[in-house]
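Chain nomenclature is as follows: A, B, C and D, assigned in order of appearance, with residue numbering initiated at 1 for each chain independently.
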């Protein structure tokens, strides 16, 4: 069972690596921020799975903090991340 | 839903054909920091030499790290385990940080206070309390306000509860004041960025008291136990647990306040104030912040 | 039992690779906003790494401070730079030749 | 004994389903054409995947406190996802990011200005 749980965690980390591509490619800032958000959501899942695998309660608290901070990050982005500068890319380009 | 888009009009949605998209926006970006094209890089030869130089440095570091990993004193874990009951807590990390090595934590919080004072010295004393008029211009809060306040109502109390829980559990589980303080600061940042709460400037006495409270609590406790135990920060028997818990609570609040103070300039960002730029930036900003605000109720920045 | 060890090693290796990739891209990119987002992702991944080496307190601190508060601080500074760049002001660093 | 086996089996099932939705979310994030579609991938698929993971994990817990904590956690993530999706999408629209199908994908963007 533990091996299976760690395997699930492995799969989810591999998922994160996939999401990394979207952080790098963008093209808009919103794309990057939702990809970073993916790190938060998937991180919560990974921590929960690992907390059962390691039978460790503090990991669950860490998961709660991940969830809370994902909110902080994104709200800060929505309020601060957009700038109407002439250089801001606005159109979605085909990825 | 359609509010934000209609208020800005179609002119904002600058159409850019996908052909020039990768290079077009870059070319017009005036700030070298936001996106540069490498004009400020050194000559290629120099960069290659630097890279070559870094290879032996990396190898040296790796070797040093390998050596350091083995040289840890093997008696330390046993020593900690043996004396843990005396610390009044059951989490070895908290025991070390707040009992065996209390002065270490004292210096940590002192560094944070120093950082906060440094940020205060950069604050140009612009104080428009309340929500800046231009906040919605950059954040588009008009459309999202009910949603934003809903998530604030959910996340902020949860963060607060979790912070209390983390402080409380710090004595027995891996958690503690710094983590709780950081989480509390996250809630504070959320509130200040959303425009609900304005971080108080250096002028606010309560902020000064709370921020200094962490250091002060440590020093006062450390000196107060001197007559009983004869050593700085050596807690008397039986008093360790309540003292540590009290110090942790003061630390958590102090860390949170200090971290939120790093955002002291947040609400004034969109309202870039040319008049303040004209003021000599090296001339006693704290003193100016202490002086009465010339127009405290004026929400509009020039 | 060895199953668990092998899978755990695979997981650790993948996290290490992800960290190295994130760090490399973070240093190489010329887009400041992308760098900030990578920094946040790096902080969250590093918290996972701390969990794997059995240091949940540091993982907690890394997630809360490294990813949350520092990321917000960077975004804030980025916003300030971008607003100034968008206006006609010269940047502070360009003021003196 | 058999009960434990059933519970373990359910956990495996839930976790695998959760993994599937996470995979779907990542594939959507990578393959969907614009921000608005990608928001669906992130907020719907991942939230559902997390729900399955929470269910699978909750079956393995021994105390009700922890199950309650997990429930709160999932609720928080769900509400955060809903809010974030709305905020990001409305901001993107306000910033002039054209949704696919509104003209941008038909060769030209900004159909309003086209004669």
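Heads up, the rule we're going with is that contacts are C-beta pairs under 8 Å (C-beta built on N, C-alpha and C of every residue); 3 or more make two chains touch, one makes a residue touch a chain.
This structure is a prediction, so every number in the text was calculated from the model and none was measured.
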Note: chains that touch chain C and chain D both are A, B
Across the interfaces B-D and A-C, which one involves more C-beta pairs in contact?
-> A-C
Taking mean CA positions as centres, which chain lies farthest from chain B?
-> D
For the pair chain B and chain D, the C-alpha centroid-to-centroid distance in angstrom is 29
Using mean C-alpha positions as chain centres, tell me how far chain A is from chain C in Å, no decimals.
-> 11
Report the inter-chain centroid distance for chain B and chain C in whole angstrom, where each centroid is the mean of the CA atoms.
-> 15
Chain A to chain B: how many Å between their CA centres?
-> 21
Can you list the chain D residues in contact with two or more other chains?
-> 72, 76, 80, 83, 87, 91, 95-98, 104, 109
Give me the residues of chain C that touch two or more other chains.
-> 31, 33, 56-57, 60, 64, 68, 72, 76, 78-79, 82-83, 85-86
Where chain B touches two or more other chains at once, by residue number = 12-17, 29-31, 34-35, 138-140, 144, 148, 151, 155, 158, 166, 174-175, 179, 183, 186, 189, 193, 269
Chain-chain contacts as defined at top | A-B, A-C, A-D, B-C, B-D
In the complex, chain D residues that touch chain A | 8, 11-12, 15-16, 18-19, 22-23, 25-27, 29-30, 33-35, 38-39, 42, 46-47, 49-50, 53-54, 57, 60-61, 66, 69-70, 72-73, 76-77, 80-81, 83-84, 87-88, 91-92, 95-98, 100, 104, 109
Which of the residues in chain B come into contact with chain D in the complex?
-> 1, 4-5, 7-8, 10, 12-17, 139-140, 143-144, 147-148, 150-151, 154-155, 158
Interfacial residue positions of chain A with respect to chain B in the complex = 27, 57-58, 61, 64-65, 68-69, 71-72, 75-76, 78-80, 82-91, 93-94
Name, in rising order, each residue of chain C that touches chain B in their complex.
-> 30-33, 55-57, 60-61, 64-65, 68-69, 72-73, 76, 78-87, 89, 91, 93
So, in the complex, the side of chain C touching chain A is made of residues 3-4, 7-8, 10-11, 14-15, 17-18, 21-22, 25, 29, 31, 33-34, 37-38, 40-41, 44-45, 47-48, 51-52, 56-57, 59-60, 63-64, 67-68, 71-72, 75-76, 78-79, 82-83, 85-86
